[in-house]
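Chain IDs A, B, C and D follow the sequence of writing; residue 1 opens each chain.
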């Protein structure tokens, strides 16, 4: 098995209501996969199941062939399964530099140290500056997050994730809420992600999906209804049905 | 990229240095204020010592409330644990003051561990209520165990030997005050290091968004528990200092009232800066002392009015007011 | 602010007395008591007793003007107590300390006395052990054991064979429980059950249920004066224990005069043992009540801490007289050892060995007075009672 | 609750072996619980619905007690008039406070609210002490309520039955108000989303002001009818603050049934604890609080925050 990350028959129901049904996925290293689906398709539940916020009713999650279904959210991150948030979760009075420093220190197991200083730690400074520069955040590295543009905050979400050196990266709508003028910067950042990294992107912006993803999975009503190349998605009748319902005469899903 | 990184590190130095200078200046200022208190109010040293002991308690609350976002109305449980441990040790023949402080710190830390382990199971209002329940249980236990604690009559007869074998704890309270002041400064410096450490930053992160911290792969519970232990040690030292300087430990040192007063002092001064804790304690207790001497019968109204006025004028606490005044120009952005 | 006030006070004083007396020295007395907070009433009584004494006996002794400085200590808080005492001695230069409502507060002050060369006259704090912590302490109040002791014999005399004790679960409560048990069993009775209630109890009906279940014919109760006494007495009536003829005995804290208007009819007939009733019939008391009522402002608020303070001031005046205004704590205390006088409460004496007050203990019954207000009517006198708590040590 | 009853049965079977004791305790617990409920439900509403930690709640109950005592005892107007005047008077006093003080702290951090309401409590205590003195104030009960009533297995003060009835009426009335009336709909909408309600034409400021007045009115009612349990004196406002706060949190702020359950359960724990082993009464109570809070972190029926 060359799959780095696998989801097997994942199901979740709340009471009698099944919100995820029998979802299976497999991703090799370096994969660029997009997960799309209409509102209410169960994307958020899927993310929560994969990251460990929710426990599945049935099925397994595997990373590097190891079953991580029973692990909590924190341990999954430590194994290399890292996510970003759809609505940014950042510390408004800290700077991007501080965010990324904290993430690097945490990865190195030094974040709980009391007898060293957080600032002026030259050992991690180079790495932190490198990450910030890659994402074009070096200019705002010292500003409080509350004062930088939303697009930059989205990039910072990715920067934090990269600082954790993930094997699998879950991007939860990385361009959500970003003004269209700034979207290219996000795209650029996504193109520069380390090649060996497996990236699962959940996204609404179809332009972004088509440019970024090598493979697309469509989720509707908690089930995978399509899996294939981006170019094939628009033509699939079930996808059209799921997105457009009765408005079958609409031409494009974008 | 190299150039950028280089620029970054170059820029980092003055900033870290300015931060360091600011803290050094702050600590020098505290030392100067403490010394000024010693020279200006030589007749009020017992009051000043009490302020120092309570300041340690308020600092310990700031660690939990201001840096971790865990609300507590039961911190006196940790203060009292330190006070009783030091008191009981003293009555049983351990009379060296530094040892007593260490015993107080240890007892406070253990109590902090216990309290944290219970309180961290809940959030918000429920957490607050747990803290109240815990301090009430401590109070009840201290009342019950009167064979060891003296119960409501207080644990009396603490004969502390002279500090370093030289300086007596006497009527004028010079030794107690200077020892307390030195202790406060040391603790303050240590806490400045703690909050400036990666651990301190992690706590600040947890306060704002524990989910983000978990998504970074850090466990929240052990970090907060660790802070509870540190906080307990600080509060315990405050309790031990109070026990040494008063030579009596009363049930008031494990009371809800003390916890609530201390929290009020902290909020009055401002959360999450450590300076606010000191400012709040000094202002509250100083104000209380002055108005209660001025009118022993109806001073409570004036203290109440002060609190209301502070909320209306400076909702972020007095230290935020000072920041606002000092930075009034640069704040337009 | 305090310094400003002091200067102002001195200036005003100089003006009033005039230049001739301006050379007369001032002896300062520091009074620590609960003047605000939950026990403010007791503190007000301290003040009333002090002011009544000074109104009746003048504000100077042998040409030494007496200035009283009050300091507020709202609840038991030894650290604050020590700080206040230290400030009074070191900064305000008081020669005498007085007041103190709670035992731990007194315990925090006594270690300072020798070094401060200052006597402490306790107006209230009622635990026996305080007297052993310093030879410079004199007490003009009572001890719980002292007021409880006669009740054991009374209960037995009234035919109670089995009794239950119900006390607040703290130092004085436990003292009272022990004192009653000892006295009652010495008189041939048997305490069948001893209940200790948490201090913050507000609903006493479950306790009364226990009393009923115990099958005791009499109940001995001790609660500190304050709001809970109201609930306790009401519960005793409402649960029908009073009607069932169960005898009730308690030290007088429970029927403090200031609580009687609130207790009203519910308290009628309750028998308590205490050292002082505002209704005590003597010329000394009449004079005292008149002066103290004027000082406190309302007759309803006057009760026992005032007499402790009044007699305390008497002791302090005698000390000033003996030392002629000079600061000499030992001489001052020695001067009042064995001192006896007629207090508003009756004949009293400072016991030379213990420095505690020896006095009559009265058995009183709550009854309607001449003006229709409820009073503690004295029905039996136990003369010359020492503190049994100290006597045994 | 069932297991607690069994436990009592077990203990008392050794002691006396009668149903009487169990019923007796239950009815005492019920009366005490209802007093707590009437006072605390107002606090629960302000904390849960308006998100204001109003530590001065007890101060309002105390003000009502003073007014009732003055009206019923000093003016001789009687108990019913005393209750009525106390509620009206307390609300009248609270209106300017709401306008000029509380309105500034709606939406402030909780600790800021704590600071201000504690300050307000201090002021109220100081002022009451100044004007009314530190003695206990009673509210004389009418003849009908002060008599013991024989309820078969024991005698109970009629007043206790009255309190139980008051509690039931308050619970039912509030439920009706919030679930069944127009105002209730507006209140719930404002709580869920103030901005949206504003946009829909609900005058949220008015809704807040009315809710605040209702909460204060309930505190006033509780202060007066509960005065037999919690006597009126200046320190009232601080003395019972912890109890009120604990009850509200255990019930879950903002929930009427939650508060009711909390009052009854805590009343039962308190009463039975004090009966079975009085010397450990407080241990019982606070251990129960810790247990409940650990099992129900949002309170019995608390809203998700």
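The rule is short, and it goes like this: a contact is a pair of C-beta atoms (placed from the backbone, for glycine too) under 8 Å apart; a residue touches a chain by one contact, two chains touch by 3 or more.
Because the structure is a prediction, the values reported are computed rather than measured.
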- Message: Among the chains here, which has the CA centroid at the largest distance from subunit D's centroid?
- Response: A
- Central subunit by CA centre of mass proxy: B
- Query: Once you find the CA centre of subunit B and the CA centre of subunit C, what distance in Å lies between them?
  - Reply: 37
- Item | Centre-to-centre distance between subunit C and subunit A (centres being mean Cα positions), rounded to whole Å | 74
- Any idea how many Å lie between the Cα centroids of subunit A and subunit B? 42
- Can you list the residues of subunit C that touch 2 or more other chains? 36-37, 40, 44, 169, 198
- Task: Among the residues of subunit D, pick out those that touch two or more other chains and give their numbers.
- Result: 126, 129, 279, 282
- Query: When you check subunit B against every other chain, which residues touch at least two of them?
  - Reply: 140, 144, 297-300
- Message: Run through the chains and report each pair that touches.
- Response: A-B, B-C, B-D, C-D
- Note on the structure: The answer for subunit B against subunit C in the complex is residues 42-47, 49-50, 53, 140, 143-144, 146, 150-154, 156-157, 170-173, 242, 245-253, 257, 290, 292-294, 296-300
- Which of the residues in subunit C end up touching subunit B in this complex? 1-2, 5, 35-37, 40, 43-44, 70-72, 75-80, 82-83, 85-87, 89-91, 103-105, 107-108, 111-112, 115-116, 127, 129, 133, 169-172, 174, 198-199
- Message: Looking at the complex, which residues from subunit A come into contact with subunit B?
- Response: 51, 73-74, 77-78, 82-83, 85, 89-94, 97-98, 101-103, 105-107, 110-120, 122, 125-126, 129-130, 132-134, 138, 141-142, 147, 160, 164
- Item | Of subunit C, residues touching subunit D in the complex | 36-38, 40-41, 44, 169, 195-198, 200-203, 205-207, 209-210, 213, 227-228, 230-231, 234, 237-240, 243, 258-259, 261-262, 264, 297-298, 300-301
- Query: Which subunit B residues qualify as touching subunit A in the complex?
  - Reply: 1, 4-5, 7-9, 11-13, 15-16, 19, 193-194, 196-202, 204-205, 208-209, 211-212, 214-219, 222-223, 226, 230, 333
